[in-house]
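We just call them A, B, C and D in the order they show up, numbering each chain from 1.
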């Protein structure tokens, strides 16, 4: 059992998810490398120490450069705010260390381009954290599509809808400032990644991005909201099909509306992350009288399921997605083989996001540059 | 019990539905006027006689002019192909007879404009058959919106998806020829009418209309498909909200995907005609722990339900929608009050359809002219 | 088009449903006999006249004997309270007239036995109104079972749950008095009939019948409830399978919980009348990864559907069930062939109900006598 | 951060689940004690070594006595076959070590009685692994019931249905031999525990337990199946309500049908483990027109949810349940406070199981002895 020393930058929301995943992954998957929790970096010595104790790291630091430089750290997991991604990743690659980076890849297209350049120049494993695409359900959908189970694809409709800013009385925060924290910058990378994984590249799009609640209460009165609340785009995929994507943080009632439906000439698929252990499949075969959408419960016959649960109907949850990511990152480091999704997949998301902003501003259909 | 003599043009698909509705409506609703089935017109004497016997009309004719002219016919129901709507309606109004016309209103925007002009010049009751908007469920949704149950509306997504031409091996027929028989001409009027009824007028749109299967098998080889298979449009409503509409006849697995979801600042609504007796309502009130989408079964507390069923959970079906239409048409004739939806609502649909075609051709956002 | 004169006894709840059905059935099904609405009987001249006008009968009467005796009445539909069923049916058969009787068959096992005797002695068509078993969905389930689609049956679970007396504050009425108006007398006949239609005879059962709310508010204080609120029974079918049935009028939240699930060695079926146009079918065949319950929407490929709607996804409702019953009654009169369900099916229900009461009283498993 | 040395007996199905949970629990919950994986016991040195490496234990052994005796082992988790539970637990308590034991509690009522006696004599923490009752969803239902959210309970229906032995062609294995491995011995403890947790003690019951497929293919021909395939029981709870429970391993199509519905005078609840992140709640309040079953997605407002996921809609899975159990076991050891569910809860299950067998044999209602 070979160990590998891990440095984790960030101990909050996603940092904790990765700390848990790194603790559990070896027992779940019997991975070739076992993570050794070496250093956790946070924004202050106090929070670093608090995270260190909570997650069981050997050492805490308030300086991510210190973490990257530590020889006991052999791979770096970035779970800090997106504005920090680029510098950390560049430093880690420069130090010869593989990097897993939470989505999105940096805070801008320029960041993402630089990060891909650094990663590819280094030749080191690089992975991005699009966890939702790694559920047994969505992995199964990818397999169905690859097998042609629903024939030629004619239509894709995706959405990522949540309601955490649906109430106009909610106050102004960091979430309502800066384009990178808006609906397109923060939520959209997940469904865009999913769409590209399922459908392949987008050739052109026409988008509409807008702020519904243009001011929110601040401590001394109304403050302007400077990023977007929801966005839609019509799409033409390079493969020929037409599609639509909707992203919203004002979708009252929706908690994790990461959902899609796909029409093909021989069938159709529906999925909604709010029922994450089900895939709905329609196949245009057999007698008309017995056709319908079949609710398939993910189980041992589906990707990555068995390692966790061993039994049908047991069901995977959010944390399991992060454990799957950890397994793949460790496997890539051990094998030297490419891992999916990589930084380049993170860059493809940014290119689509940028095109969408330009399209919304110009009210035009625009081509999406290839990655 | 005052009777009124009805002339029905067309005995096929929709003609039958109206014949049944006219037979049943008086017993269901105890209407002020009772329909007397006087004349049915069809395309040949044989079919007219067949329909006459099947539906219990006093007389059959192969000439709709004969029907319109018959003094025993006091109101005309048009259920013949859309290319015939205009001439029949104009003749009926000229003869001083109220008209119910199946959707769409004529075969073109020009037809629709002429029909509205004729109707309004006559001052006679005129009604159009958008039956789906008349379910207890969708009428209840209208009431919820009018009451502000979900606050200020921020997003509308609608669709009308069926799969009757999803299989590319299906042969060329009248359905695959002529713009009026395409997805935009034939299916779209229903969801457009629904959207306008729920959301009010559309200010501007950007549409994409396309033919997926450009040829289909004909008797002597492949034949060109000359109308559209599916279409999408991004919308800006005059009231400010953004929206999206998708219409398809190639949506494998969907049989009656007349569905919509609406987000508001205080709640959300979802509906799907494939479960036509349910409305899903989310209200952002009360403790977070007990919030969720509520599946409301239509029942005695909902519009128009009681007359049919008198009991909760009984459920209405397709035929009941047509009976509701008949009730409203008869009531309007008796009362002289305007009826909804009228020819003008049919015209509004055509204006949106035309704008969508222009937008798709020009790849531009375009304003929708007011009706 | 041969006509047949109909006499309808009762113009309330079910009387109206039959009046509408008789008005519409000829146009829907092009039946060999067309009903002519001759006489309606009610409890007073006023109500008879009111119903006559509302439903379009030629004549009203306050005396059902007058109706039965009228030579223009050629067949009798009984939709009056169950205590009146027996006398009316006996008189009608004595007069040589076919009878359709609403469920249950009389107010007691003794009534039911006498009614079957009278019907069978007369040799005339006799039919009982178990409408729910006549939906396209449940008729399709019968066909699936007959075809062996789910293999050998191993388990049946049925329920009929409503909530119209769930609130203990609801007052004492006729519904809370007399065994025949209780949950077993009034609701249970529907699901028992359904169960027998799907599963065949019951060999033995063990039941528990109880009154939850033993008093209810009356005009001058609490009044005793003298019939049952809910009941359950474990069952052994003559075919070998085990089962369970639950009936309740205190099932808060349930409006038409006429539902069942059936396990077989090769599949399973689920149905719930609250989604009356769907059948859920699981088949243990094909790859494990694509198995699941399929939601089949009733449509043209299913029994009796086409006549109403002609299109997939249109959906049938409560009224349509009554129209199907009318079709079958008229067809039986015309053809002289037996019709299903007959009075004998109504008797089988009563025998099971009586056995359940005895079992609940004695706390024993008891055999169910054959019908 | 105080550590505690854990000995785990069994490395298979449930052993792995506990190994993962023990690895992750500290990071998830920041528990007062952190587990140190000391010794794992298996049935052979080889498998012990394999599990040791896979799960990261310090030492493996083929002798559970060795594990219990090891001074570095401070608490014992039993995940070995039920026939071994009693001896291991008795030895552990004798050695002064707290015990977590997988369900069921031993292989018989006698085992369970002895294990409770040993646990309670020792005064040490003792916990049993009914994981399904620990989901955020079912914990939320317990809270709703405690708060009286649905009024006075009138009916409970539970089931635990799976299909792993639905196919009669499946061969004879250990699962089809010995009463303890049958449906009542192996599956029933979960739903019985759930029912008791939600509804309180059962006063009396009438059960029917049976083997559907009485022989199965063996290596040299048909072999007798010596335990039960499915079972049902009618129940009277000590609190007054009536209920029903069904357990099956032949429920074709069901993978984790751990489900229940509860009627109360003011509402109703439905849950199905196959959609484990949803609770359906009906409340008989507010206007009739907006009532219905609400699908509540578990989230931060629900028990134990936040620690894992921090975000609405993220969803918990099977593994998370085991982590919650580990948290509670560690907390009990640290605090000295009682933990739920305890061995006594395991004993209550066995008493109900035994009564059910006696009732099925005698075909009588029987009282359930208090625990």
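One rule holds in what follows: contacts are C-beta pairs under 8 Å (C-beta built on N, C-alpha and C of every residue); 3 or more make two chains touch, one makes a residue touch a chain.
Because the structure is predicted, anything quoted here is derived from the model rather than measured.
If you take chain C and chain D together, the chains in touch with both are A, B.
Across the two candidate interfaces, A-C and A-B, the one carrying more C-beta contacts is A-B.
Inter-chain centre distance (chain A to chain D, centres taken as mean C-alpha positions): 34 Å.
Each chain gets a centre from the mean of its Cα atoms; for chain A and chain C, those two points are 54 Å apart.
Inter-chain spacing, taken between the CA centroids of chain A and chain B, is 42 Å.
Residue positions 254, 291-293, 297, 299 of chain A each touch two or more of the other chains.
On the side of chain C, the complex with chain A involves touching residues 140, 149, 281, 283, 287-297, 299-302. The part of chain B that touches chain C in the complex is made up of residues 1, 13, 16, 19-20, 23-24, 26-28, 30, 34, 53-56, 162, 164, 254-257, 273-278, 297, 299, 308-320.
Those residues of chain B whose C-beta lies close enough to touch chain A in the complex are 150-151, 154-155, 157, 163, 166-168, 206, 208, 210, 212, 230, 232, 234, 242, 244, 246, 248, 250-254, 263-268, 282, 284, 291-293, 363-365.
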